[in-house]
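Below you'll find the structure I mean.
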Amino acid sequence: MATALRTHSVGRVLLHRVTLTYLIVALLWVVAGVLKPGFASAGHLRYLLELAAVMGIVAAGQTLVIIAAGIDLSVASVITFSAMMLPLLSPAGDPSGLAGVAATLLLTTAVGTLNGLGIVLLRVHPLILTLATATILQGALILIAGGSAISVNNPAVVFLGNGKLLGWPMTIVTWLVLGSLVTALLHATVLGAWLFAIGTNDRASRLAGVAVGPALVAAYAISGFCAGLGGLLLLGMNRQGYVGIGEPYLLGSIAAVVLGGTSILGGRGSYLGTVAGAVLLVTITALITVVNASAGWRSILFGALILGLLLLSGRDRESR
Amino acid sequence: MTPPVLATREVGKRFYDNVVLRGVGIEIRPGRVHALLGENGAGKSTLINLLSGVLQPDAGAILVDGQERRGLTPAEARRLGIAVVQQELSLAPHLSVAENIALGAMPRRGGFIDYGQLAHGAGQLCARLGLDVPLDLPVERLPLGQRQLIEIAKALWRRPRVLILDEPTSSLSAHEVRTLFGLVRALRATGVAVLYISHRLNEVLELCDWVTVLKDGVVTADQSLEGSDPKALVRLMVGREAGDLFPPRGTGGEGKLALAAHGLVGESLRGLDLELRYGEVLGLGGLLGQGQEETLRALYGDLPLRGGEIRVDGRTRRAASPGRSADAGIAYVPADRKREALLLPLPIRYNLVLPALRRLATHGLRRRVREAITAASLIREFAIKANDPRDAAQLLSGGNQQKIAIARWLPLSPRVLLLNDPTRGVDVETKREIYARLRRMADDGAAVLLLSSDTLELVHLCDRVAVQRDGRIVAELDRGRLSEEAIVRASLGMAA
Amino acid sequence: MSGLELQLRLLWRRNAGLWSLFTLLAALLVVYAWLHPGLLSIAGVARFTQTWFPVALVALAQTLIMLAGGIDLSIGAMVSLGCVLAATLVGETATAAGLGIAAVVAIGATIGATTGAIVALLRLPAIIVTLAGSFLIAGAALLVMPRPGGSMPDWLSDALAGDRPTALAMLILLLIAWRVLQATPLGHAINAAGDNPQGAFRSGVDVPLARIATYALSGALASFAGVYVAAQTGAGDPVIGMPLTLDSITAAVLGGVGFLGGQGTLRGAIAGSLLLVILINVMFFLGFPPVAQYVAKGLIIVAAMAVRLLRAG
Amino acid sequence: APATAAAKCIKGDRKAPYTVGWANIYSVPTWMKQTSGTIEDVVEQLKAKGLVDSYVVTDAEGNANTQIAQIQSMIDADVDAIVVIAGSSTALNRVIEQACEKGIAVANVDSLVTTDQLTVKINTDSNKWGAQAAEFLIGAMGGKGKIIIMNGPAGISVSEDRRAGATPVLAAHPEIEILTETNTPYNAAPAQEAMTSLLFQYPEIDGILSLGGALTAGAILAMDRQGRPMVPMTGENYRQFLELWKEKGLTAWATMQPNWLGGFGVYAAVQALEGRDIPAFVEVPLPIIDNSNLDEYLARAADFPADGYIYSPYSLEMFDDLLAGK
């Protein structure tokens, strides 16, 4: 049980492990491409990346929260909420649609902030508090659903979901920008360093003068922002929001984070790993879609793939 | 001479490229208290981990009753009668005192836990250790010193033939140490072999019969302790003559009021009054668990108060939190470094800059180079024995971890230092450095409040000592009246 | 201190954080009984416990795992699998039914033990292993029964989920069984392994074994919940358990189980599951529309947690 | 009302005005919200006639076990009629039988239970749904070609029934090749994702047999994004699908699960309580949407939510006709 751990080698191993996850993704693409021609076509891979972008953006907030030893179970509801609220929040007089985008992101960030405040001030376990937030948002969705008589015609959102910038899909561009920001936040700012500290030992962090409360609120607020942005991208990609649009991203975002090597117990992890985790998850989801088998077998194949990849990508992890 | 019950033959141990033990032989015999000495990071804990099956040697052999044991596991070591007091690390915080004492060795009857025997046995052990706590209390609610006693009770529970104590007294007060020594002597009389690790050399001289000294992973002395004195021990460990442990005292106690507490009421505090001045080292003494730790936490802003007020520089403090205190130049070194100070899995470097992180950054952006330089200079100044500052802090030896807990505050140049047993598990040379530094800081105008379980520290380092009992300060001993006896008397509630 | 006194004090101590939950529940039960006097009859109690029993079982299953420091996302799938297996395997005669139920529970325990072995021996994160497990198990359930069907003997349905409070009796039996387990070294090892795995290992506790045992027990409980749902509904449904995973986690955490293991009690989890079930019923009788139901549920669950934690200080 | 009631479960001891309960499986999805709308509308109309005086709703949040508990609560509260969309085709059997024994009129609509001890089951025929869709598609494809079948979630009766209905039709046409099938929730995004991957996989697709919900909309979006030519396809009255159909000028066919099945359930239950002899099973004919009447539907689109379903008009008179088997 007392495994020898050295951080700089942990760092190396981690990097190594993240590299390994990327290698696995590549391997998976090659194997799938050989077995199922068309799977590894450039167009398909780009599409997978676009899908992974949404997962990756939602999982960005989740990464911050999990590194701080929390968890955000409200992301699915926040995504749906964002997609449903946007048409209501887009003023008719704004041709760019940016006002609606800003208002929606502000709203979801506020939801995240409330999550953080509840966790810090009421000292309720994040699992329960974010679950309660999700439940309350579901209630709000009953009111909103069916209320929006127009499908999305917000140009900013359509551009986000469908547009291209210098030949690159906007989803991927957005992901690149957000991903860089989150990576920088984690590794180049005091806040990021604090999140690692809090996730490792919040009591010790507090006694060392770390502003634990504000840092946690910030992490949950960012998670709310990321989920909101994910919702807008989905809305743009589908041109239509509906209740339940966020559902696959709840367990998906957590799985991407953990598959990417971030410890579910907090204190250890990287966003680069999450990126690989998101791509991995999206890839195997697509893979089981193209396998012609009954639903039962597909489910089994999916489970087996996750387990297999987990085994491949590293066994020296915590025993939880 | 009786044959050794537990011994090593030429054992070696390395972690990656760090060779920690080299050809170490040690023989632990029944009826003898055997001291294992060495500077921080010399390899003592590693050696006992080998002896107790927690780690496996890379070379050499472990011998139990003269027989070589390969692949020893903790469970097997236990069966062979080897019990180790690893400090607080192996307690289950949410389980009760009784359950922890019997952890892994529950008395059973017909497949079930025998609660009768558990209550009886655990109760008896607590009594023998002078530990007066309810058996059903979760251990997380106990102060560090009492947790340490439970760790000892846990080792004794198994009626060991070999008892290994890794710095068992490092957070016990003088009174508890007496009790423990009585117990160890009684065990010795019944033929138990004791291996005793401590950095408190006079304790070693008082209790132990034999000494093995480790230096950089090699045995440099293995001899009887008869006729030794502390200086001789230091010479054995460090290889040169020992200087005075404690620095000369300055004027002290004349500065302005830094912190003043009036009628504090809260967890374990029952109307506490205390004044701390700039330029002085104020000691805080007393028996274990009289609320001394709570006093420090209250001053640091970490304890919710139900009454009383705290003045900082003469101004009443309102919303208090550790963060605000740290910003105001107040530093706090907790006793329980593993749970309250260090971020064990994170790099040493990171641990060293955590409190100063914001100070070192510009506009919230970290300055890695500055951080690295700061950490490197702290490692040098405190002689922290680290292979690589990027290693996880948990890989450091206990004493070196303790150095981090103190060193990390220095970049903030705090004006008030609240220290809870800051030299716990620290070797003599480092202690000397820490004492000198504290004195220098006080001379430079800082206010130092030192809670210590080591009466020597209180007597020889402090300008003044306040003795706490039952949540109140019951005596203040100024320099003229400072003596070990006076502190113990006040602690026990006798007139000074 | 005598052994009995120690045992009683430990019991009391473990309830300490739960009084606000218990009080809230008592209040809700009074309100419920007042709104619906029919509750206060044997049949009323029987019917109420029937709806509660499966949730209580999964809450127990989750609590076991969380106590040992893990989390199980495959509990819902296991309920589904137990349900379809029961509707396929349980025969008409008493012997056949008994054997069938035993077989289902044994399968659940085996799958649980396998999961536990993967988590404990290969040291992989439980959250992902059990997520993968949930797909594997759900897939197996679909293979056993691609769509709802099968049947359970009527007499069995009546016995387990009829007008007699069998479910309540089983719940009490389970609590007693848990007390008994707690009084064994294994039960103790489970707690210690969750609380401080390294320390427990160093103290000679067989941590991997304790982990595997909890997963096996949890698998058995979840599959039995499936059997019960099959009996209660008279048939098998390959997806019926899915929503129960989240319920199980909520109930366990509400009942005071720490996310990091080591603390919490089964009766807390049972109380947590009761809160989830009774809230829904009380809100119906109070005439809450769905919108308000969601909001109220979210707020009450947070309040139930916050009150306890704030009082604990 | 006559002394001896004719409909199942009805004992004749309940008098107007009645209390109506709506045991909703999940109130959040838009389809369910629209269905609730028709129920509330019919309740209002019946209130005006003095037949109903109160109305209670439960929401099981998608959990069949919760739905059991809530129907139990309705029995305990002694409502007179219960309308239920079943969260599981088997799980509710026993509690519904209990309600029936208590003389409560139980109308089960849309997702049906397997028990027959209730007042009335109202539904379209899911088997026919699948069969007719398959027939249209095969016809539109000229009897041969490669298709992809898009199913709803696995393990759910409705989606299994629709698929089962298509099976014999497909089997009768050996020149139809099934490339592969999908199972997704009845939502656009997952369908679009699955379809996108499949499009890359199969360069040649001649038809899409989509068996409901928003699946077809997802398929169209996927094809559109890849610039693939549209092929004949089937679907449901999902507003976005109908709009895309018009926009792309598709060869398509749609039917629907009318939301007013809910309102109809209320009406039928109250009629039964009033002593009317109503059939144990009312099969609602599947309305067909094709190019001939697509515009009629789209003309009313603005009255329906963007992520909703454009259902055919209804009235109490129409319900009477349906009950009378007309």
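First chain written, first letter: the chains are A, B, C and D, and each begins at residue 1.
We adopt the following convention: a contact is a pair of C-beta atoms (placed from the backbone, for glycine too) under 8 Å apart; a residue touches a chain by one contact, two chains touch by 3 or more.
This one's a predicted model, so the numbers in the text were calculated from it and none came from an experiment.
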Top-ranked pair of chains - ranking by C-beta pairs in contact: A-C
Rounded Å distance, subunit C centre to subunit D centre (Cα mean): 34
Interchain centroid distance [CA atoms averaged], subunit A/subunit B, Å: 43
Centre-of-Cα separation between subunit D and subunit B, whole angstrom: 71
Computed distance of Cα centres, subunit C from subunit A, in Å: 30
Interface hub residues of subunit C, defined as touching at least two other chains: 141-142, 146, 198, 201-202, 290, 293-294
For subunit D, residues contacting two or more additional chains: 27, 61, 154-155
Numbers and ranges of subunit A residues touching at least 2 other chains: 2, 138, 142, 294-296, 298-299
Every chain pair in contact, whichever chains are involved: A-B, A-C, A-D, B-C, C-D
Subunit C to subunit D touching residues, read off their complex: 36, 38-39, 44, 47-48, 51-52, 54-55, 141-142, 145-149, 157, 161, 229, 232-240, 243-244, 247, 277, 280-281, 284-285, 287, 289-290, 293-294
Sites on subunit C touched by subunit B in the complex: 1-7, 9-10, 12-13, 180, 183-185, 188-189, 191-192, 195-196, 198-206, 258, 262-263, 313
Subunit D residues touching subunit C - in the complex, by the definition given at the top: 24, 27, 56-59, 61-66, 68-70, 72-74, 76-77, 88-94, 114, 153-157, 160
Residue ranges of subunit B in contact with subunit C within the complex: 54, 74-75, 78, 84, 86, 89-96, 98-99, 103-106, 108, 111-120, 123, 134-138, 154, 304
Of subunit A, residues touching subunit C in the complex: 1-2, 118, 122-125, 127-129, 131-136, 138-140, 142-143, 251, 254-255, 258-259, 263-265, 294-304, 306-307, 310-311, 315-320
